[in-house]
Structure formats: structure tokens, C-alpha cells
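What follows is a set of notes on a single structure, which appears directly below.
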Amino acid sequence: MKASRAVQKILANYEGETPGVKAQLCRMLMAGKLGGTGKMVILPVDQGFEHGPARSFAPNPAGYDPHYHYQMAIDAGLNAYAAPLGMIEAGADTFAGQIPTILKVNSSNSLVPKSAPYDQAITASVEDALRLGCSAIGFTIYPGSAAGLDMFEEIAEMRREAASLGIATVIWSYPRGEDLSKAGETAIDVGAYAAQISALLGAHIIKIKLSTDHLEQDEARKVYEGQKIDVSTQAARVAHCMQAAFGGRRIVVFSGGAAKGADAVYDDARAIRDGGGNGSIIGRNTFQRPRDEALAMLAKLIEIYKGKD
Amino acid sequence: MKASRAVQKILANYEGETPGVKAQLCRMLMAGKLGGTGKMVILPVDQGFEHGPARSFAPNPAGYDPHYHYQMAIDAGLNAYAAPLGMIEAGADTFAGQIPTILKVNSSNSLVPKSAPYDQAITASVEDALRLGCSAIGFTIYPGSAAGLDMFEEIAEMRREAASLGIATVIWSYPRGEDLSKAGETAIDVGAYAAQISALLGAHIIKIKLSTDHLEQDEARKVYEGQKIDVSTQAARVAHCMQAAFGGRRIVVFSGGAAKGADAVYDDARAIRDGGGNGSIIGRNTFQRPRDEALAMLAKLIEIYKGKD
Amino acid sequence: MKASRAVQKILANYEGETPGVKAQLCRMLMAGKLGGTGKMVILPVDQGFEHGPARSFAPNPAGYDPHYHYQMAIDAGLNAYAAPLGMIEAGADTFAGQIPTILKVNSSNSLVPKSAPYDQAITASVEDALRLGCSAIGFTIYPGSAAGLDMFEEIAEMRREAASLGIATVIWSYPRGEDLSKAGETAIDVGAYAAQISALLGAHIIKIKLSTDHLEQDEARKVYEGQKIDVSTQAARVAHCMQAAFGGRRIVVFSGGAAKGADAVYDDARAIRDGGGNGSIIGRNTFQRPRDEALAMLAKLIEIYKGKD
Amino acid sequence: MKASRAVQKILANYEGETPGVKAQLCRMLMAGKLGGTGKMVILPVDQGFEHGPARSFAPNPAGYDPHYHYQMAIDAGLNAYAAPLGMIEAGADTFAGQIPTILKVNSSNSLVPKSAPYDQAITASVEDALRLGCSAIGFTIYPGSAAGLDMFEEIAEMRREAASLGIATVIWSYPRGEDLSKAGETAIDVGAYAAQISALLGAHIIKIKLSTDHLEQDEARKVYEGQKIDVSTQAARVAHCMQAAFGGRRIVVFSGGAAKGADAVYDDARAIRDGGGNGSIIGRNTFQRPRDEALAMLAKLIEIYKGKD
Amino acid sequence: MKASRAVQKILANYEGETPGVKAQLCRMLMAGKLGGTGKMVILPVDQGFEHGPARSFAPNPAGYDPHYHYQMAIDAGLNAYAAPLGMIEAGADTFAGQIPTILKVNSSNSLVPKSAPYDQAITASVEDALRLGCSAIGFTIYPGSAAGLDMFEEIAEMRREAASLGIATVIWSYPRGEDLSKAGETAIDVGAYAAQISALLGAHIIKIKLSTDHLEQDEARKVYEGQKIDVSTQAARVAHCMQAAFGGRRIVVFSGGAAKGADAVYDDARAIRDGGGNGSIIGRNTFQRPRDEALAMLAKLIEIYKGKD
């Protein structure tokens, strides 16, 4: 499939990258109903690992079956489907080639004792991604954690291996740490920093949370206030995070967090779009709704990213 | 041997897996008196490592000899025999090919100081499994332990190596950790989570304990109560754990714990059967009884799983 | 040299083991004055590392010279000589082929600070054993130590490498740990457990200490008392430890501890023999005596193991 | 390009080094407006990782775009441009071959919790440097940190690999540690020690901070005072650090720290020049000024190093 | 050059060692003015790493230049020159082949925080030693440190690699640890233990400090007093340490410590000689004196070792 001009422009920013990685980015950007627009909506289903099966799937029990999510992502015309090893494998044959997949290669869980540092276990490899026909690996980092530097080293190595084998890398950059307040995890200074770190680590796609206008770090606050950086609206904060992603040279998608009302989801998407972000990565707000509602919501999101809403 | 339709249906769930692994699963599912039913009874003898030799074998001293257990599993017509390296080696030649074997590749022991995190030592390798003609490796994880993430990384690597060489992986998923209460180790929310984690890690066979109706985690309790998930009976809890194992797409066997009355063992098996579980993995309740009693009990269990009791 | 029937019977227990390992076991079992009886007396000289040179050799200063010990083991007609790298190397050429050697590949020392976990350093490799013509590697584990699981992983790996290259493995299994009392280190429940763990780890020869009738672990005590396990005599305790070594399917030699009167040494040997143990591994009681006395003692021990005393 | 005599003299000090490394040093020493003088001005842009994007680039938002810095270094006629992986990649194609680049292969960040030891994460490899056409790797060590010895081991290994593949090594030697006072981080005794350690580790180019006349370590103070070492002026302190760099046999460049007035920057450069230092590595004082001001400042610095100011 | 009978006798003690290692030992024993006598004087210059540059070289600033030390060792007719990577490299070409060199492959420094365990960083490799034409690697162990066992594992591995490639190993054995008193670091029981450990680890040349008559460990004191071991004179203590070095089968050189009066240095050498030690390794007492004085001192030391003083 011929890449659109919007997509070609995005790909041109990945200077010096292997053709294999560019091909995978192209494949994801050209897939689904947003194909060719440069915008993306991705379905991630790793909450069963992070929060447990009942908290994730009991509200809509069809989601216990891995096939449900593959089918949802395909039917909704999304750009990609992201999940841990077991979930990807469970439909790898049935849905082979029908939608780009992202293998989430590390995971945490809510049983980990509070005394342990914020960390994740590496539960899959680049070799698994190749074997399962995935377009990318997904990796969570916790900037701010006592284990953060180790996580950076892990993804730096995996990214290198992946890129050399033609697999793209998506970094879930979630600030979390011993010295960060709860509000600080979504503070705009910290969110922009999270985007910057991911870009510096060589992420091809950056996944961050939407930020609040809270400012967490004293040294940063001085600059935000002194330079009068606009962080008053969600769109302004998205725009600031895009700046932090090499002035927009990297694809950034934003996650929506816990399930909430549909209007809030749409407002988030409009802010992402207006701030120049590349799209949404939206899990619980999709699969915890009945299938029909979820499909309707995803259709509307796509319209928003197309600028029609 | 031609696989039965029940077995073929189970195997079809292992999408994208190597033919070698599927062949080993088939071999175990077609072995013994339950061969072809999709149900399994497995004899595990790793208690000598976990609890010491006298606590394990003194009630029936014939069990000090590794040959005793091989012979028991063969004579009872079980699906597989699981044990640590030394035990497997001690009969590897005499019983070669007579029953599928599972090499337990990590082990703990009751001498470990209380101050150490819950962990196990890797005491055998995939190469050992190949050399000894085993069908699978067995690996214990302790979700909830401070060492839990490290254990996940270990089995993720070993599973990958094993699968690529045509060896299946059985995960013993035993929640145990600094923040878990004793009751929490067998709570239904935690048990279902343990099954889910194993499935996500790519286990081909999942071994969990039977659960109680206790709910351990606050966030989970809200969901169980809010969604009115039925956990009132053992069969209902087994069914819920099967949901958590990819809606039943993964084989799950349940362990029975310490020695107890025969009726309780049978009741457990009926609940496993009625809840859609794949069978029992039963150690102390077998080898701590005199051989005749043990054989009779196993025969009865097989009848239960055949639906005749 | 044709193996005796007693030795052939022992070797048959090592099912599935490489011919190379069996050849080394045969070589040790057929060496010296006990050759062919299935009994062994081994000279270990690693006390210079463990306790320091003066505490080890000052009582008989000829022992500072590594040649002294080689010559002693050869002249006494022992089955094997065990020592750390430097000691083995220092006579490797002069005594090449004159007696089977066991390369002790890990060591501790009495300068280690009390706050450190009980552990040893790996100071030689399987490659060293091959290069120096050794029959086996020797490795100490400390079941009960916070470092115990790590030590198990180390020997599991070295054993695998050694066996694949035709080198046997001797495990020194010395319970020692944060939660073990001093009496517990030689308690019979703990000693039998130490033998069991070594067997499960795949040791070809197990070295444990003689036990007392103390019972250390509460859960174990219930079983010993409930099952009325006889631990009242040293011979009974040796027999129990042989049970724990796969019902006698593994070679077990017993160490004698600190220097003591000759009669006590002989009594120990008679108990080992009467309990079905395979022999003695005896260091300080040998080399801290004048050479003539030591040779006389070793000659007497050999007579005891031959059943003539 | 024929190397100047000044450059040949410097290269002769790198005895026994691979021709590949010497070629890279030559390439950097011959590049830009100072080419051939033996002096260097290098632009480093790793502050986005260390301090976050807004603190680094908000004062001059053009700097959010990685291309800005490449272009600045080229237009100003500098010797090299240094940055982390993401920054180098983002212009690797556009600016290929236009200026020597130094790949900063480890990085820290200001989100790391205070309780963690001073450390950095390795975020790129020698292989990355080769792939991206870089002349050198850059690596930060923290002498004085609890993680310091580990960092030394990391760079020792990377340096060896890099040199064997024809890539030079620049060490950022920044004393920072649990027992060092804030003043001690820039004390002259500590600064000279930092230079010495880098030289001993095999750095080809040493980057240290300018020192104050503070003396941090008691044992060192006795010597400085007893031997009457002149540390009264910045030029004297630079000269002392050059002594510590093998009597000037190693290239040393000095960093300027936080943004400050232009005159202070020029005074620093004159002191570096007069003390025999090889030049400046100057980041925030460049890119936090408007482009025109920055270019003017760099032009003036070059004049100073040419001895014309 | 034909080896002298004294040297041949020493080499014969290295049984089973590779010809490459023996050739390097021969090369060092036959070099310089003591060549062929079996005695050695070695110049070590690693104090810049351990104590910092000013404390090491300010008393005689010519020493900042690595060439100075090479030239000193050559002009004085010493057996070998030992230094860390950077120092060796800085003269590797100019002095190639003029004197045997020992590459010090690990180092500590005085900036390490007090709370860290006594440890060193590995800063060079066997490959570096080969590349630079060195005869041996030098490695410091700290028996008694919490990191001691790890250091033993490190040198055991490096020694094996080095020996297989024809490089000899010198172990600097410096007791230092959490439970050792300051006096204990040079106590005779501990010093002899340090020699023993090095010999057991396979050191070809052992470097220890001269001891005092202090006895540190209670268990050892009993033996020293009970066996009436003579530790009353320096020569007696040297002789005892030679005993601990396999009864003199290993080369032992003694270090002199901090700079002191020339007569004290000569007395030390006479004691080493009279106790049967192999020589001196003397750094600060050499290079912190003016060159003429240092040369005169070294000449006198050589006379002492030749038995002429």
C-alpha cells in the first residue's frame, strides 16, 4: 500500500532508522480507518496482568477471551492491538495478518509488595515478537522509580535488538517513584519529561498519560512560570508534550486511564488532536463497555481524529 | 496414537505454538486411563525438597525410593509424573518412555531463613529435560513475593527456550508474599489472578490451588461484590479460575494440598470437574498412603473425571 | 580394571548418567585399598582456606607443603584426594595419575565478616578440573543460608557442565543459616534433609556430617516422634540419612569434624559402616597427626570398612 | 586532511592505541575553526535528559528540535557535537558527515529518588555509535558515589570494545558521592583526582568541571599545603588538572556549568587556555541564548583559544 | 636467555602450569640486576588511583608523567613495572620490550564512601594485557571484606583466562574488612592467611604486606601460642608467611607501605631476604624521592638481595 503524504512526512523524521522499523511504523500508520491520516487509535489489553482478571474483565465478561479483543480491534478499524505474550499467542493464528500487533514485553501486577521498588518483569522477547508476527514491542518505564535506571537499560538493549531485526519500539512512559507525589505522576512538567526521556531512549512511538496543570518539581516550576509556558488547557499541555518529543518529530499517543463517561473520552481526544498529538491508546474505556457501545465510541473517536467532530 | 476430538479441541487453543510443544501436550493428554478425555491426573513428588524427606516419606517409607513413584504413576494409569532432577534421573533409564515426565526445574526448601524473600532456586535446565526425555518443565512462581518479578523473568526465558526445543511448560502459580495474608494465598480473587498471570506468561498447563471464598484485595472485592461474581461453591470458584485462564483456552489442574480424608479428595475432584477444570495434581494424598490405598484412590479419581461418580 | 560386582551395583543406580561420569565414579570406587568394596576413604585438605594455614598445619608443619598430602593419600591407599585449586596444582605434575583427585571448586574463609550471609566463593571451574585430570568437582552448599538458593543454582549449573564433560560431582552439604541453631546444624532431621537436597540436586557423591539425635524443626519433630523413627544410635542415624539419599541409591560419605581421639574416629567409622554408609572423608584427623600415626589410623579405618574390626 | 604539527604531537601521546581511535581523535582535532590548533570547543546537549526538556529548552524553544543543535555546531565551526541516542538519531541522516559526533551512552535524570545512589543508565552502545557514524562515545562517571566502582567497570568494558572498533572514548568525570560535600564536588583536589582517574581508565578525552580553590580531603590538603601547590587562580588550577592528566599527555576539556554572563564564559576560556587546557565543552551557555548571541559567543571563544583575545 | 638454576628451581614448583605462564615468570625472574637470583624488586605505581595524584606525585612532580616511572624501573634494573591501564598505555610504545610489565587490572580510590564495602573496580582485562605486551596481570583482593568472596570469584576467572593465554597472575592480598581491626590488617596470623588464600586461588606471585607480631583472631592465637610459632622478628614472620605460601613453593614479594627513612627500607629488605622471601615491591619509597636518591636506594636494595649488604 502506498504511504500517504502525511505518513511519509512522519516517517522522514526517523532518520537513520532501519527500513524494517520504518516499514512497521508505516504498516501501523496505514492500518484501519485512520490509515494514512498520521493519527492512530490503539487497543491495549494488559490490564489483566496489571490489575487482575476480574477487575479488568468482569464488567464485560466476554473480555476474558483473548479473541474478543482481537476481533474488537479489527472490527473497529484500529491501527494496532497491544497485549502481553499469552494474549497475543492465544489469537496469533486465527487473526494472523489482520491487524498490526504490539507485544507488551514487560508487566507488573498489583500483588507486588508495597516495599518493593516500582518495577516490571520482562515477560517476552524480541524473538517472540518476530515469531508472532508483531510490528512492535511495547515496554513500560517508570521514570522516578529506584528501578528506573535499570528499566532504561533494559529497553535500550531491547530496542537495539528489535530495531536491528525490523521491529519498532513503543515506550509506555509512566512516571512513578519514591519521591513523586500522586499528583506529580500526571503533572505537566513530569509528563513532558517522560516524553523527552522516551524520545532520547529511541522510542519510535511514545505513550504517555494526559497531564494536569500541576507542576511537581521546584526547579521546573521556576522555568514554567518564568517562561510563561501555557499549560492551562489540555490541548496546550498536549502541545507542550509534543514539543518535548523532539518538537513533534516522534509519534506520541495518549492513554486515557480508568473507565469514565463517553463525553470525557471524546473531550480528551479533541484535546489530543488540537494539541497536535498523534492519537489515543484506549483500553478499559473500550473493553469494559458492551461491544456495541465500545464500537460506537471508537467510531466516534476516529471521526474526531479525522477532524469531523 | 490418534488424538481424540476432545484433545484436538484443546490443542487448537495453543495458537502459534511449535508442533513440538503441541506433540508433548498431546502425549500427556493421551496418556493413561484418562487419555483422550481432556482430563488429567498428575503425580508430583517434589515435597522432599520443599518439606524434607521425613515429613514427606516417613508415613510410607517405600517413598524414599524414587522408583516407587514412577511405578505408582504408571500402575495407576496417570497422565504424567513430575519431580526434581535427582528424582527423575534416578529412574530415567528403568522407566524410559513408560510415562510422560515433567522436570520440576526450580525448588525451595523449609530451611530458608524467614527473612529471605519467598523464592526458589533453579536446579535444572531445559537441556536436562531434553536429555532425560521429559515432556515438560515445571516451574513455580510466587506472585506477590518481593522476588516475584524475577521469577517471572526466569520462567519467561526458560519457557521460550523450552518451547523452541519442543518442550512444554507447566507453571505452579502459588501466590505468596510480604503483603499477602495467609488466607489471601488461597483467596478466590488471588487464585484467579494467579491463573491469569500464568496464562499471560505463556504457560501451557497451569497448576493452581483450589480457592476459598475469601477476597483479599480491596479493589478486587469491590468488583466481585459489585458484579455479583459467584464464588460461593468450589465448582463456581473453579469455573471462575477457568475464565481467568483465557476463558478456558488453557489447561488448568488443581492441587490438593496436605494429606486429608479420601472423601474430601473426591469432593475436590468433583468440584474441579463440575467447574470445567482439567484435573488434579495430587502428591501427598497419594504417596503418603499405603500403595493399595493410593491406587484405589487414584482409580476412583479417574472415574470421577470420567464422569462416572 | 574390571569393576567388582559391588561397584557395578552402585554404578547401576546412576541411571541416565553419562558414561564419563560413571567411569570417574568407577575409578574412585576401584582405587586404593578399599577398591572394589563399594566403600571409600577420602582425604580432603581445604582447611587452609576455611580456617587459615596455622590452625590447619601448625600441629604438623609438614602439611604446609601440598606434596605431603598427595603422598599421604597415595601411601595410605585412599580412594581420592580433595583440595582447592592451588593445592591440586602444586602437585599436579609430580603425582599425575597416582590417585583420583577431587577439585574443591568453592571455598569460604574465617575472615568473612559476621554480617555477611553464609556463602562461599567459586574459585575454580570444570575446565580446571579437566585440565588437571581430576575425577570430580567438589562443591559446598549451605542449606539454610540466605545465600543457599544461589548456591544451589551455582552447583546445578556446574554439575550439568561437569557431567556433560565426564566429570563427577561431590556435594559437601553443610546446613548453616540465619534461622538454624548451632545444635541444628548437626540435627538428624536437618542432616537427612541435607542429604536429600544433595541427591535432588544431582550429586553423585554426597558428603554430610554425622548427626546427633537433636531434632531442629518443629514440623519435622512431629513426624519423627509420630512415626517413631529410630535416631537413637549413630548407626541408626546413618541409616536414616542413607534412606534420605534415595533409599541408598547415592554414595554418601561422612565427615568427622575437628581432630579428636583415635577411638572416637574408629567408632564413627563403625557406625557409618553399620548404618550402610559408604565411608569417611577425613581431613584434620589425618594431617594434624604425625605421618606415622596418621597412616596407622587410616589403615585401621580401612580394616573397619572391610568389616574386619 | 593532513594533520597539523600540534595535532600530531597530541596524537603521539596515545601510545599503543589503535589507528582507528587515533583517526577519530585526529578527525575531531582537525574539524571546525579550531582545526589543527590542538584546541577544541564541543557542543553537548544532554541536559534534556539530565534536567528535563523545559528547564533545558524553554529559554530558547528552538532547541526542542534536535536539528537546531546540529546546525548550531556546524555553523559555529565547532569540533564536535555530543548528545544522547535519540538526539543523535534525529539528525543522523540530514547532517551525516558534516560534524564529528559523540554519542553520550549513559544518562541520569532529576526524577531519580534521593535515596538511590548517584548513578546513570547505559542507554546506548558502541554498536549504536558505529551505526550512527559517531567518532566517540561519551560516558559519565561519578567518582565518590556508592555506584562509582560499578561505573568504572562499565566504562572500562565499553572503552575496550570501542577502541577495538576504532571509536574514541570521552569520559565526563563528575565527582559526586555520599561522603562528598557540595563544595567538594568542585574542589581542586577532587577535580585533579577526577582527571587522574579518567586518564587511568583510558579516556582519550577527559571532561571535567572547572575547580574552585577549596580542598576537600584532609589527607590531600596536607599535601597541597605542605608542597605549596598553587591553586590560587583558575589558570593555575587548570594547569594542575593537566598535570593530573598524565602531565598533559591526555586531552582535557572543561565544562562551564549553568548559564551565566558572557564575560564569565570568556574568562573561563582564557583560564583554560592559559593553564594549558585543551578547550571548552559548552552546552547551556550556548543553546539557552538566542541563536545569534550564541554564534557570537562561540566565535569569540574560538578567538580566545586561538590566542587572539 | 638461559634460565639460572635458581630460577629453574622456582619454575619447577609451578606444576601443571602452561608453558606461557612459566615463560613470563622466567622473563620477570631473569630481568634486571637481580636476574637469575630468584629475587625480585618490582616498581608499582597505582597510588594515583588509590590516593589521588597530588598525594602521590606532588612530592616529586616528575612522577606525574607516566614515562618517568618506566624510565626509573629500567634505569634501576628492576624486574618489572606494575601500573593501571592508563599508565601502562602511556608508555607502551616508547618502552616496548624494555622491561616486563604487570597490568594492574583492578583499583579502588579514596573517594569511595565509607559506607560502601571494601572493594575495587575491574578496570582492565586480560585482553588488554595481551595487547599491551604485559607479562602478568595484577589483582587486589581484600580478604575479610563483605565483598571479599566476590573478589575471589573475579580473580579466579581472570587468572584462568590469563593462564590459558600465557599471562601470569600477581595477587595483591590485602586483608581489610568489617570485622578486622586496623592492627589486624597487618597481624601475622592474618598476613599468613592472606598468603595462603592467594596461593590457593592460584596466584603465581603473591604480594603481601610485612606483618607485625599482633595476633588478630582468637582461634588462631590459641594455635600460635600453643604451637609456639616464632613471630618475634620480621625475618621470622617472613619465614612463616613463606610457609603459608605452600612451604615456599610460590613467589612472595612484600610491600613496604608509606614513604619512610631509607634505613627502615633496607632493614625491611634484609628481613625479607633472611626470612626466605623473594623480594620487594616498592612504590612510594621510590617515586616520592628525587630520582638520584631513588636510584641509589634501589641499587642498595639490589645489593641486599644479592646478599652483599
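Going in written order, the chains are labelled A, B, C, D and E, and every chain counts its residues from 1.
Here, a contact is a pair of C-beta atoms (placed from the backbone, for glycine too) under 8 Å apart; a residue touches a chain by one contact, two chains touch by 3 or more.
From a predicted model like this one, the values you see are computed outputs, not experimental measurements.
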Where subunit B and subunit D overlap in contact partners, by chain label: A
How much rotation, in degrees rounded to the nearest 5, is required to superimpose subunit C onto subunit D on the basis of Cα coordinates? 145
Go ahead and note the Å separation of the Cα centroids belonging to subunit A and subunit E. 58
Calculate how many whole Å lie between the centre of subunit B and the centre of subunit C, each centre taken as the average of the chain's C-alpha atoms. 36
Give the residues of subunit B touching no fewer than two other chains, as numbers and ranges. none
So, starting at subunit B and moving first to subunit C, the ring lists as B, C, E, D, A
Residues on subunit E engaged by subunit D in the complex (per definition of touch): 48-49, 51-55, 57-59, 61, 64-66, 84-87, 89-94, 96, 107-116, 119-125, 127-128, 131-132
In their shared complex, at which residues does subunit B touch subunit A? 13-17, 143-146, 148-150, 152-153, 156-157, 160, 175, 177-180, 189-190, 192-193, 195-197, 199-203, 217, 219-220, 223-224, 227, 229, 240, 243-244, 246-247, 249-250
